[in-house]
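The data blocks that follow each hold one structure.
Consider the two complexes below, in which chain A is the common component and chain B and chain C are the respective partners.
Then we have the complex of A and B:
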C-alpha cells in the first residue's frame, strides 16, 4: 500500500504527536483499562456528547438552510427553555403540552419573526455583518431572558424520569434523561438529514440558500421557505434548551454560552453534515470526560481542560478542505469609493483631538453640568477606556473592513499585549516596552490566522474565536504570563522624553490627551494607507479573491501583511489598556468581551477608520445618558436590548451608520456630486431588490410572464448591469 | 465596556461568601451595650449644636456615603442589588430614628459593573463626593490606591474610609483604610508565598459530633473558574485537615459544569468510601451534586455540608433533592428575626425578603453609624472627618447589636457560628438557641501554606 504524504497526513501526525505528548505529560495516574474508569469516562463522555450534539445539530441545520452562522442559537434555546419552565412549572401545564406549545407554536413564531424582521435582510450582507447581527441577537435574547426571569429567583427543571433509576453500566448509572438526550440527538440528526435531502421542503431550503432567485423560478416560495428554515432552527434550539437545562441548571450564561462548544462540534461537521455534528458533539464530550477522568494538568496549564472545545475546533479547521476561490458571485455592490484626501484625514484627526480636548477641559457647555463637573476625574478615566477600545476597533479596520478577514481575536491580542507590557517596560513606564510588544504582537496576529488562511471567512472567524478562548483560558493564566497571586497596580505612568504622562486618579487628563493624539495619528495613518497599493490589494481580495488572484495579487502574502498590521495595532492598544486599567487579573480578557467591540464597529461601519471614533463615542453613550438622567431604570432595559437594536440597524444599514450619515451630510455640500450620485444609485439598487422580493415569487407558475417581468428578471439575475428606473407595473398576479 | 465574565462569576461569589464573617467575640453572643450607649450619647450632643460642613460629604444637614456594588452587568443584572437595597433601606431607617451624627444620612449608589475600572471610578467618585464607602461589594477591585491617598477637605491625603460588606479582592481586604465585615484570612504583611493564614473550623467541630468518633473523610468541591478562588479554597481545605477530617479529594468544578460532570465526583467519592462532603462552590453546584449522587445511587454520605453560598432562596427550589444539607452562617439567621432587634429592623425594612449580601451591607452600615456616633459622643458633631473615622474604626468594638459576634479591630476573624439544616423546605437551626451564636476561640485556627502551590495540587 502506498501512503500519500500530503499536508493533511503530515498535519495528522503532528497533531497526534502533540496530543500524545500532552496526555503523557499530564497523565493523572488512573488506570485506563479499569472498568470503573472506563465506564465513567464513556458514560460521562457520551452524556456530555449528547448535550453538545443536539445543540451542534441545530446550529448546522440553521447554517445549511439559511447560510447564516447563528451565534444566537443557544441563546434562543435558553429563552425557550425558560418559556417551557414558565408553562410547565409555573402554570402547571402538562409536560407534553408545554413542550408542544414551546416547540410547535412559540419557537416557529420566533423563527418567522426573526426572518421577517432581520434575517432576510442579512442574506446578501457581508460576513461580518451577518455574524455580528447574530451576536447582537444572542446578547438580546440573553438580556430579555434575564429581564423576564430574574436570576435572583431560583428555578429548576427536573430531569425526565428523575425518580427512576437509570441503567447500570459498569460502576456508573446512565440516567434516563441522558439516555433520552443522546437518543433524541441521534434521531434529530437522522430526521434532519432526511428532511434536508429527501423532502421537497428540505431541498427547497438548501436551494434557497444557494440561489434564492433560481429557487423561486422552480416554484419554491423563498420568503416562506427561509421563514420555515428559521422556524426549524428555533425549534431545534428550543428542543436542545429543554433537554440541556436540567443538566446545566436554568442559568442563562450556562445555557447560552454552550454555543462555543457547539461551534466546535459544528466545525467538525464542516457546517453541513448533521450526522457529523452528532459525531463532533460526541468527540468533544468524550475528550472532556477523558481529561477529567485521566488527566491532571499542573500549575502552569491548570485551566487547559476548559480550552478543550476550542482546541478541537482549531484542529478541525486544520483538516477542512482548502476553500475554492468563488467565481460567478462577483457583484458590483457599490460604486468605487471616494477616497479621503490627506488634508481631509488630517482635519478629521485634528477635529477628534479638539473635540476630546474641549470635552476634557470642560469647554463644551452641555458637558460641564453639575454631574459632569463633579465627576470629571471619573469621566476622564472612562474617556480613556473608551478610546482604548476605539484603538482596538481601529486595528480591525484594515483586517475586517478592507481585507474582509473577520477576526474576533484582537481583544485577546490586546490582552496579550497588556500582559507582555506589564513585564517589559510597563512597570517602569518605559515606552521601549511598547515597541517590543508591537513587534511581538505583529507576528502573533499572523500566527493566529496562519492555519486558517486557506479557509473561507467563516472558518477564519471561528479560528480567531478559538484563539481568543484559548488566550483567556490558557495563555494569560499561565503563571509566567500573569501570576494569579500578583495583585495591585502593575503599571507606572509612561515617560516619554522626560515627560511623565500621568494616569493617576487625580490627573487623568494627560493620559486621555496622549491617547487621543495617538488615536488621531493612527487614524491619519490608516487613511493614508487606504490610498496605498496595499489597501487596494486587500479590498480587491475582499471583493473577489478570484479576480484578485487573476490579476496577480498574491493572496497569502497580502493576507499575512494585513494580519500583522492588525496584530501590531492591537498590541499597541493592549499597552494602552494596561496603562488605563493599572491592574490586570487573569480573567480580564474573556472571549465574549471582544465580541461587543466588533459588534459596535460593524454597526458604525467596518470599512471606515472614523467608525472607530464613533464606536468609542457609542460606548460612552450609555454611561453618559445614565449620568445625565440619573441612572433611570429604563436605561438598564435599553442596555439589555441595545445589541439587538444594533443587529437590526445593521440589517437595514449594512454599510454602517458612518457611511450613511457621512454620505447624507456630504450630499448637502454643493461640490459633492459624488455623494448625491452614490445615494441615488443605492436607492435604485434597493428598489430593484424590493422588486425581487415582492414580485418574483411564483413567476411563470402562478403568475404569467410579461414583458415587464422579463425585464425585471433580467435585472434581478444581473443579466444586465444597468439599473432600469422604470416603475414596476403591478400585475395583480399574486396568488 | 463592561467586562463579561460569564461562567466564572458564580464560582467567584461562592468563595467570596465562603468565609463571611463578623467580629471577634467572647464565649457568648451577648449584645455590645456600648453601641446603644454611644448612640444615645451622640444624640445628646446634637442638642443646641451648630452644625458645620466638616468634611467632604458632610454638610450641616446631611452625611453622604457611597455604596458600590456590582449591579448592572448585562450578564448578571442585579447581582449585588441586595447591598444597594439594604443601604437605601438603612438610610431610611436611620433617618426615621434620629439620623446619624446629628444629620440625615444620604446614600449614593455606584454600579461597579463587575469591572475593575468602574470599581476604581467608584472609589474616585466617593473620594470626591462622600464621607466614606459603606456596605459595598465589588468582585473586581484590584486598584485601591485612592482608598489610601484620597484627599480630605483640607487637601491632605487622609484616605477614604471603606466599610465593606464583602471585600472579594485581596487588595481591598488588606487596604489600610478598609474595615471589612467579612473575615480576612490574610495576614496582609505579604500577599505571596508561604504564609500563615486564619481559617474557621467551627462547622467541622459540629459535624464531628454527628459522627460519634467515626473518622470523617470526604471530597472538597472547589470553585474552579478562577485561580484566586481555587487558592482561597486551599486555606479551607487545610483547615479541614487540621480539624481532623481526611480530605480524600479536592476537585475543581466550573460554574458552567453540566450535571453529568458531577458523575466523576460521585465516582471519586464512591472509590474513596467517603462519608462527608463539603461544597465550597455555589448553591447550583450543591444542588447538582446532590442530584447526581442520588442518580448514581450513592447514599453513603452522612453530612452534606455547604457554606453560606447555599443559604439562598434559589437553593430552596432544590426541594427534596437537597434535603438534609447543612449550611452555616456567622450571623443570627433570618428565620430568627424576632430574637434580635437589629436583625428584625433589617428584615422588616426589606419587606420580609432579606438576603445574605444585604444583611452584610446593613451590618456594615451599622458599623459606620457606630463609628460616627462614637466620634460625636467623644468630640461633638463637628468633629466628623475622614481622619477621625479611620482612627475610630481601627479599634472600634462592634457586634451589630448582637446580630454578629463581637469584634474590636478593622480586620478580624470571627469565631462565632450558627448551623442550620435544610429540612422540609426550610432552614432549621441545629446548634444553640434561637437568637444566639456559638462562639469559641478554638474555632479559629491558623494554617501555614502557599495557596498558589497548594492550588496546583487540586484536580
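Then we have the complex of A and C:
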C-alpha cells in the first residue's frame, strides 16, 4: 500500500513541476489577481466546461450501463450539430423547434437503431472488437457528415442571441450563449441524476450495471434499458455538439475530436461516476480557459492549447487505481486453426512479392488506361504508399493481434519516425539513419504505453489515441521538427544493395519492389515469431492475464517487450513513409488518418500477418473503386466510410476476413487435407445444429419423419454409435 | 511431513462485506488437503489470496517458511505455487500443447536445471492423456478436456503446491475417477495439493485432511471421518436446525 502511495505522490510532484514549468515559461504577462482576468477565465471556463460535462456525462452513462465505450460519441454529436444547422439555418425552422427535432426525435432514433443493429451484438464481444466497431462507427459518422455537408462550403452556427449584448458580470460580459450553456449543463446534470435515481427506468439502468442477468429477472427489459441508454447518449452528444459548434466552428474534425475531451473527463470519472464526469468536464474547460486567458504559447507551439485534453487524460491515467487481475472473463471462441508452417509462410511471402511484382510491371489488368506491360507512375507511387501502410499494419499484429493491447498510436510513431529520419540520415541519404530511427522508436512505443500498462485495456486505447492527437498537435508541428534545413530537401535518394530508393518517377518501381521484399521478409519473420515462445507468452497474457500470472509470467515486462517490437517496426515504416511522401507538412499526421489503418487490419483479422497484406490491398481498393465510378462526389469519403463500415461489420464477423476465407478456401491447397476434413466436419456440425433450430418444429406433425432426419436427430441428441459421436465432437477428448 | 503453505488469520473485506475472516489454513507436502464449504463461503477468495490475485485486508500467507503476503502473483508462481480456476482460465487461442508449453518455457525463468520444455510438455501430455488432442485449439475442446489442459498447464511449472478449484466440475464419473488417481500419483511424488470441491464423495475419497469454511470462517478442521461427524459442519451444510437437535 505504501509503495503505491509513494508512486502516486512522486507522479503528483513530477506533474506539478512540469506544469509549473510550462505555465511559468509561457506566462502571457497578464495579472492573475485582476477581477477582469479572473472573471474572464471563470466565465469562459465554466461555459466550456459545462458543454464538456454534458458530453462526458452522456458517455459515462452509456459506458456504465452497457459496458461499451463509444468512440463515436462525439462524431454522433457532430452529425447532429450538422442536422441542426440544416434545420435551423437552411430550412429556417425556429431554434427551439429545430433543437427539439434534432435532440428529441433524431438523436433517440439513432440511439435505438445503434442499439438494435450494433451495440447489443458488441455486448459480449472482445474488447478489440468493441473498440474497432465503435471507432469504425466514428469514422462512418464523420464520413457521412463530410459527404452530405461538403467541407468546401463554410458553415457557421450562430451563438444563441448573438445580437444581444449579454450580462455584465463585473468587468466581463457573459454572453447569453454562455449563460444558456451553463443553465443547460446544470439542468442536464439534475435531469440525469433524477433519471438514474428517481425513475423506474433509471433504477433498472443502474441495476444492469451491477448484474445484467439479475436485472432481467426483476422484470426490467434489457433491450429497452440498453436502447434508452444509447438514446440518452446520443441526446447528450447532440446537445454538446450544438452548443459547442458556435465556438469551434462547424467543422467535422474539430467536433469529432471532442471525443478526447470526453474520454479525459471519463477517465477522471473512472468510467463510472457521473458526478465526477461533470467535474472532469469542468476541469478541462477551466484548464483550456486558463491557458487562453493567461498563457501565451509562442508561435512554435501555437497548437499546444488543443492538446490540453490529451495531457489531462495522461495525468488522469497516472492516478487511476491499478486494475485487478480478473478471473471468470475468459471468452472461448470456437475457432479451429493450425499454425502456419515455416515453408508455407515462405511460400506466402514469395507469392506477395510475385503478385506485387507482376502488378508493378503491368501484367495484372488495372483501371485507368494503362496498357499491358505498363503501370502509371501515379499508381506505382500509390502502391508504395499502400505498402508503407501495410508495414504499419504488420507492426500492429504482435501488439493487438497477439498481446491484445489495442494501440491507435502506431501511425503517430511512424510519423515521428519519418520526421526523425529527415533529421538523421534522410538528408544525406544515409541508410544508417533507419537503424537509428528504429532504435529510438522502440522505447518510444513503450513510453506511450507506460502510463496505461497497469490499467485495463480500454485505458490503453484511450491513451494511445490521445498520444496520436498530441503528436499531431505538438510534437510534429514544431518548426524545428519540420525544418527542411538549408537545402530544402528532407530525403535524398537512398542506395541500398544497389537499388535507388526515392520517389522520382524513374525509381518508383524499384522502390515498390524494395518495399514488397522488405514487407515479405517482415511477414516471414512474424510467422516465425508466432511459433516462438514470445508469441505464446503474449497470446497467453491476452487470453487470460490471471492464468498467465499464475504460471509465472511477468505481465509488465512481457507487455513492454511487445510494445518495443511494435514501436521499432512502426519506426521502420516511418522511415519508408518519409521516403515515400518526400515532403512533410505541419498536418501530415492527423490522428484520424491513422485509424483506418488499424481498422482495415482488424477487418482482415488482426491475428494473422497475412492480414496486413490484405489490408494494404483493401486500402488500394478505395481509390480504385472511386476511379471506376469516375470519382463522384459521393465517394470522396470512401477511405473513411469503407474501413468504418468494415469495422462495424466485425460485430457480426469478429475474427476477420482472413480467418473466414482461410477456413473456406484452405482446402483448395493440395497439401491441406486437414482443412478439407475440418470443413466437412464443420458442415456436418452445422447441419446437425440446424436441425435442432428449424427442423424439429412440426416434425412428425406437419412434416413426415424421414430416415435421414431420424439419423440426424439421433446425432443431435447424441443417441448414436460411438464412431459417429467422436466424429461429431471432433476432438476425441475422452481418451 | 512438513507444512509448505499456511495462511495466518487472513481477512478479506469487500466494502462492508467480510468475505474471509481470520482464516488459517495449513497445507502439508505429500497429501491432499481439502477446503470445503457452502457456496459463497469464501473458498475461491482464499485461493486468490494465496496466489496473490486478491490482496488480503490483513493476515499473512507463508510459503516454504517465507512471508509472501505482499508478493505479486507471478513471483509466487515462480516460488512454486500453481493453480487451476473454478471457471476455465485456459489460453483459448493456443493449442493444448502450446498451453502447456508456455508454462514449461516460463519455468526456465527460475528453474535452471537445464530441462527441455518440449520434452516436459510431451511428458505431461502423455501422463494426463491429452496427447491425442494436443494440436487442437483449447477453445474448441469440451469443458472436461479443457479442465484437464488447465491442470496439465499448472503441472508444467513444476509446482510445490497445487491449488485446484473444483477440478471435478464438468467431468463425468469416469473422468473424475481418473482425476482422483492422478492426484494420488502426484502427492505420492511429494506434491502438496489444496483442493476446493463440491463433490463430497470425491473430497472424502481423496483428501487426507479437510478445512471447512462457512461465512468466511474456518468452522472445522480434521480428517474426513472427523469432518463427517462434526455437528457444525452438518449444520453449515444442512441448515441451522440440525445443530440444535445435534447438540
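As a working rule, the second predicted complex is superposed on the first by the 540 of 735 C-alpha atoms of A that agree within 3 Å, B and C clash if a C-alpha of one lies under 4 Å from a C-alpha of the other, contacts with A are read in each partner's own complex, and residues count from 1 in each chain.
One rule holds for everything that comes next: contacts are C-beta pairs under 8 Å (C-beta built on N, C-alpha and C of every residue); 3 or more make two chains touch, one makes a residue touch a chain.
In this text the structure is predicted, and so the values were computed from the model without any measurement.
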Review point. Of the two partner chains, chain B (first) and chain C (second), which one does A:457 touch, if any: first, second, both, or neither?
Key: neither
Check your understanding: Touching A:544, do we find chain B (first), chain C (second), both, or neither?
Key -> second
Check your understanding: Just chain B (first), just chain C (second), both, or neither: which does A:309 touch?
Key -> neither
Check your understanding: Looking at the overlay, does A:536 come into contact with chain B only (first), chain C only (second), both, or neither?
Key -> second
Review point. So, does A:165 touch the first partner chain B, the second partner chain C, both, or neither?
Key: first
Practice item. With both structures superposed, pick whichever of chain B and chain C touches the larger number of chain A residues. Key: B
Check your understanding: Touch check for A:108: first (chain B), second (chain C), both, or neither?
Key -> neither
Check your understanding: Taking the two structures together, which residues of chain A meet both chain B and chain C?
Key -> none
Check your understanding: Mind pulling up the chain C residues that touch chain A in the complex?
Key -> 48, 51-54, 72-74, 76-78, 81-83, 85-95, 98-99, 101-103, 105-107, 109-110, 117, 129, 132-133, 135-142, 144-146, 150, 153-154, 156-157, 175
Exercise for review: Name, in rising order, each residue of chain A that touches chain B in their complex.
Suggested key: 28, 36, 40, 43-44, 47-48, 51, 139, 142-143, 146-147, 150-156, 159, 162, 165-166, 171-173, 175, 178, 244, 246-249, 251-254, 257, 288-289, 292-293, 296, 298-299, 302-303, 306, 374-375, 377-378, 381-382, 385-386, 389, 477, 479, 483-489, 505-506, 580-588, 590, 592-593, 596-597, 619, 631, 636, 639-640
Exercise for review: Please name which positions on chain B make contact with chain A in the complex.
Suggested key: 1-10, 72, 74-79, 81, 109, 111, 116-117, 120-121, 123-125, 127-129, 140, 142-143, 145-146, 151, 169-171, 191-192, 225-228, 230-231, 254-256, 258-261, 263-264, 267, 270-271, 283-284, 287-288, 291, 295-297, 312-319, 355, 451-453, 455-456, 459
Exercise for review: Report the residues of chain A in contact with chain C in the complex, numbered from low to high.
Suggested key: 324-325, 327-328, 330-339, 533, 536-537, 539-540, 543-544, 546-555, 607, 729-735
